[in-house]
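Lettered A, B and C in written order, each chain numbered from 1.
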Amino acid sequence: MSKGNSEMQALVKRRYEHGFVTDIESDTVPPGLNEDVIRHISAKKREPQFLLDWRLKAYEHWLTMQVPEWAHVTYPPIDYQAISYYSAPKNPDDAPKSLDEVDPKLLETYDKLGIPLHERARLAGVAVDAVFDSVSVATTFRDKLAKAGVIFCSFSDAVTDHPELIEQYLGTVVPHTDNFYAALNSAVFTDGSFVYIPEGVTCPMELSTYFRINAANTGQFERTLIVAAPGSSVSYLEGCTAPMRDENQLHAAVVELVAMDDANIKYSTVQNWYPGDENGVGGIYNFVTKRGDCRGKNSRISWTQVETGSAITWKYPSCILRGDNSVGEFYSVAVANNLQQADTGTKMIHIGRNTRSTIVSKGISAGKAQNAYRGLVKILPGAVGARTHAQCDSLLLGDQCGAHTFPYMEIKNPSAIVEHEATTSKISEDQLFYCRQRGISEEDAVNMIVNGFCKDVFRELPMEFAVEAQALLNVSLEGAVG
Amino acid sequence: MSAVLSHFTEDQAVIADSLPVADWAAELRRRGLARFEASGLPTTRLEDWKYTNVRAIGRGRFEPWTTEPAAELSAEAVDALAVEGLDAWRIVFVDGQWVAHLSTLPDDDGITCMNLRDMLRTAPADDSLSDWLDYGESGFGALNTAFLGDGISIETSAGVNIERPICLLFLSTANETPRAVHPRVLIRAAANSRLSVLEHYAGVDGAAGLTNVVTQVQLDTGARLEHYRLQEESDKAYHVAAVQAELGQDSCMHSHNLHTGGRLSRADIHARLTGRGAHVGLNGFYLAAGRQHTDSHTLVDHLVPHTTSDEEYRGVLTGHGRAVFNGKAVVHEGAAGTNAQQANHNLLLSENAEVDTKPELEIYADDVKCSHGATVGALDTDALFYLQSRGIDQSAARAILTFAFADEVLRHLDQDAVRRHVEQRVLARLPKSDTIREFL
Amino acid sequence: MLSIKNLHARVENAKILNGLDLEVGPGEVHAIMGPNGSGKSTLAHVLAGRGDYEILEGEVLYDGNNLLDMEPELRAREGVFLAFQYPVEIAGVNNVYMLKAALNAQRKHRGLPEVDAFEFLKLVKGRMQLMQMDESFLKRGVNEDFSGGEKKRNEILQMAVLEPRLAILDETDSGLDIDALRIVANGVNSLRDPSRSIVMVTHYQRLLDHIVPDHVHVLANGRIIRSGDKSLALELEERGYDWLLDEAAA
């Protein structure tokens, strides 16, 4: 596509739209990590003793661990002593009680992000918990949710208001020893969201969290815990953005989901952290551990992710299918452009009888990016009648990028049915010419074909998110066709 | 130095006398040993060895190979182990050592087969030969170089078509102290020549040694090789094999890998497609029963534009059998027009059988067509029911379907005698084989 | 409407068109026939703007403008439509969605307001009745898993929606059974209009029984060697192409 190529490359250079810095005073701990810093964080947050002990245990373990090196990504070693582990917008001690008390500049920030926080939140019927750097700044619709018995609050509030639930569930899905980044998170996590859906309750609205890293030199280590009691159901969405900065910033979050008997959790992510510029300068290192535990029978956990941001993505939302007849799903679109590197996928661990999993992964590589799908399907001897199906497709835009597929399948039960398929292709010239012959510009044709490629994932997203995701994809790939 | 390393090091010192070689070859052995001492035997911490634990090989005490086989084999005993009805030139190795009186060498023009033991002892120093022999992939590859001692070099001249296949029959005898042998096979096909080489590994009952073989293949422009690896070692034996092939322009290699033997076996097939128009076809079948463990690794490097590969491996696992499959295709930067297809299908027939499969793609070019698929499952219950409804009892029906599954790969073998031989071997492992024979 | 003068073109290293001349007036239906490899499909692709063809010489005027200077999508928006011989499959992209994008691209180009989803659906459903297509087409991907006949009907459906001023039909009859051929031909005939010109490229006469041309041309070795009315097609049906090739060579 020689001619079309250069035209496409000359198209609008990609711009990161969320790259503003909010100028507000923040309370930031000096860089460095030691026991005192952890005690300081814990004290700032007035945490109970059990939590401090847990943090210190995690820190001790972290010191013994090695940085994982098996992923298909390369980056210079991170100096963990150069990161500040706590940054809160001013006066976290008198945290805002309602939206009116939130710093107007912060609200402006969310405005720019298009977060439905104020009236728009009500219209959209979305309850939002916004995490800014390290602390949660506002949670909308708390009252309405409370009437349904749903707890949706910042992690810090949950520690204060529902310590027994935190103590019962924290670390039961992702233990503090799980992996290098999860251990680090367990030691230093500052805030995040907590959701508890009581027995038999279907959460009356979508729950949503927006994460933003703002301050320089800070890492963000939030922790999300969602517990769905028997027979309950919830759909949870998270979005992420960060300002443009020259240096790399670390984001090492942990998400734990627990689904009891007949419970249903749908977790959707649109990840648009700053990816760095076209020369690969700056951008977020997104090293995240997400895992769901289908603890009860007939439970279901579904992960949907649209990953367009971050300089490096290292992320494998997983399901432990413990309960009989439980179902795990993973739907993913991962876009890597310029010098982005993504190594993402899922793990489906079949333990219970008649457990089922579905994996649909769509990887798009452009520019000089490297995009890898890495997945594990494990069928243990007791998982009689387990079924799993995986479809992993890669689309290449340009001959400088890479698309890789590393699916691991460990099958220990003869009644299992395991299927895995993967394809790699590019947009053909015939397809582009066909669209152009119908009057559609090359750029629109590419967007159309890319969106078509991702359709099976987009239709799993809640409506508002699907539109956002589609738009985001188009922005991410601007000027990327080659 | 660990115990494993030190006993291999001691043994390597022994073969300086028992399997003497020229100075240049001794230097090569030293290099191999140094590399082995640096790497040791692979551990499960290495990604490529994640599912195959070779500790048993490290712990096992093997006697080093010598110029003498551990036991004599009569011509009848050799025939009993060979592929029946195969019309081929045959070179017999017993416990790794070329046995001239049991072998018939090809007498066609345009093909030379040389005893590697003689070459290592008498050939003058030759850098290109040394460089070629200096193989060091994984600890086992280094070990093979450290213990270089026997094997064969097969070379064709340009344009010849060697119609009769060459069968390399590697036989292991049972010995009180099992032996470790490290044969090397070199195959070099000049431009537009064609040949078939069958490497056949078998052992008498109770043979419990280690065969650690390295095969190196070079195909010049337009050359074609049909390469068979028939691994039927005794169920106590260890078998580790590496095949490394360089494929030049428009050359073509069909690699057939049929693994039914060994207690623990591992084969790495690595094809480097270095010339435009090169094609490699990888065809595999593995069967693991009892406590057998079989590991098939393949790696295809598409290094230049317009190269193709296709691969299909099938496996049947029963008893406590365990199989590992790892197939990887790498499309390097600039290798436009690559077409790489890969499939791995597994049948699990028992509660305790296990398979770990990983088909991988690594792609650094955009004008490619690549796909892979993997399945694991039991027999199709609809098909079973259909056969039962036609009056076939369940165990026979299961055997028939299992055989049919295997035959999807076996029927592609172009040497009828080999195909029949492997089919019989598969049948022998299935119940009700008489019933199935009626259906064939 | 369309004026081709002394057109020479090649693809890769093969010269396919060798001084082709053709004049197509408004409302006229022209059939271009010829043996395999005579350059029929090349002509269709060159008119649509396919990039792999190199124009060596000559000009093509469309409404007095230089067609060869225009990008493929601009030609389409100006009313040039190619019904492909082998329409490509685009997995995942909805058939109707693509068609709506195409129609709106054209309307925008002409300064007309875009049609909304509701209006568009009404329009498409009407045209689908004409082509005897059932509504499941609405939900499928562009040509995805279509049979040969379905693909051809889909091409004419697109033509009916986009209402081009110059339609080029490339071997539209190939791969069609007689019933499908009739449906496709009816579709095309219903689109005949004094302001719309149609150029049909075909190997066989049978399409011309259903869509009767005003002019018939024989293309051989990249040039038109004989022009006539529909009776020429019948003569070709009877006598084949060889006598013409011989005459041309003589």
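In this section, a contact is a pair of C-beta atoms (placed from the backbone, for glycine too) under 8 Å apart; a residue touches a chain by one contact, two chains touch by 3 or more.
Since the structure is predicted, the reported quantities are computational estimates derived from the model, not experimental observations.
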| item | value |
| --- | --- |
| Taking each chain's C-alpha mean as its centre, the one farthest from subunit A | C |
| Chain pair with the greatest number of C-beta contact pairs | A-B |
| Whole-Å gap separating subunit A and subunit C, where each centre is the average of the chain's CA atoms | 49 |
| Subunit B-subunit C separation of Cα centroids, rounded to whole Å | 56 |
| Computed distance of Cα centres, subunit B from subunit A, in Å | 44 |
| Sites on subunit A touched by subunit B in the complex | 70, 381, 394, 396-426, 482 |
| Sites on subunit B touched by subunit A in the complex | 47, 51, 333-334, 336, 346, 348-378 |
| List of subunit A residues in touch with subunit C within their complex | 1-4, 428-431, 433-442, 444, 448-449, 451-456 |
| Sites on subunit C touched by subunit A in the complex | 48-51, 71-73, 75-77, 81-82, 84, 87-88, 90-94, 97-99, 101-102, 105-106, 109, 141-142, 158, 162 |
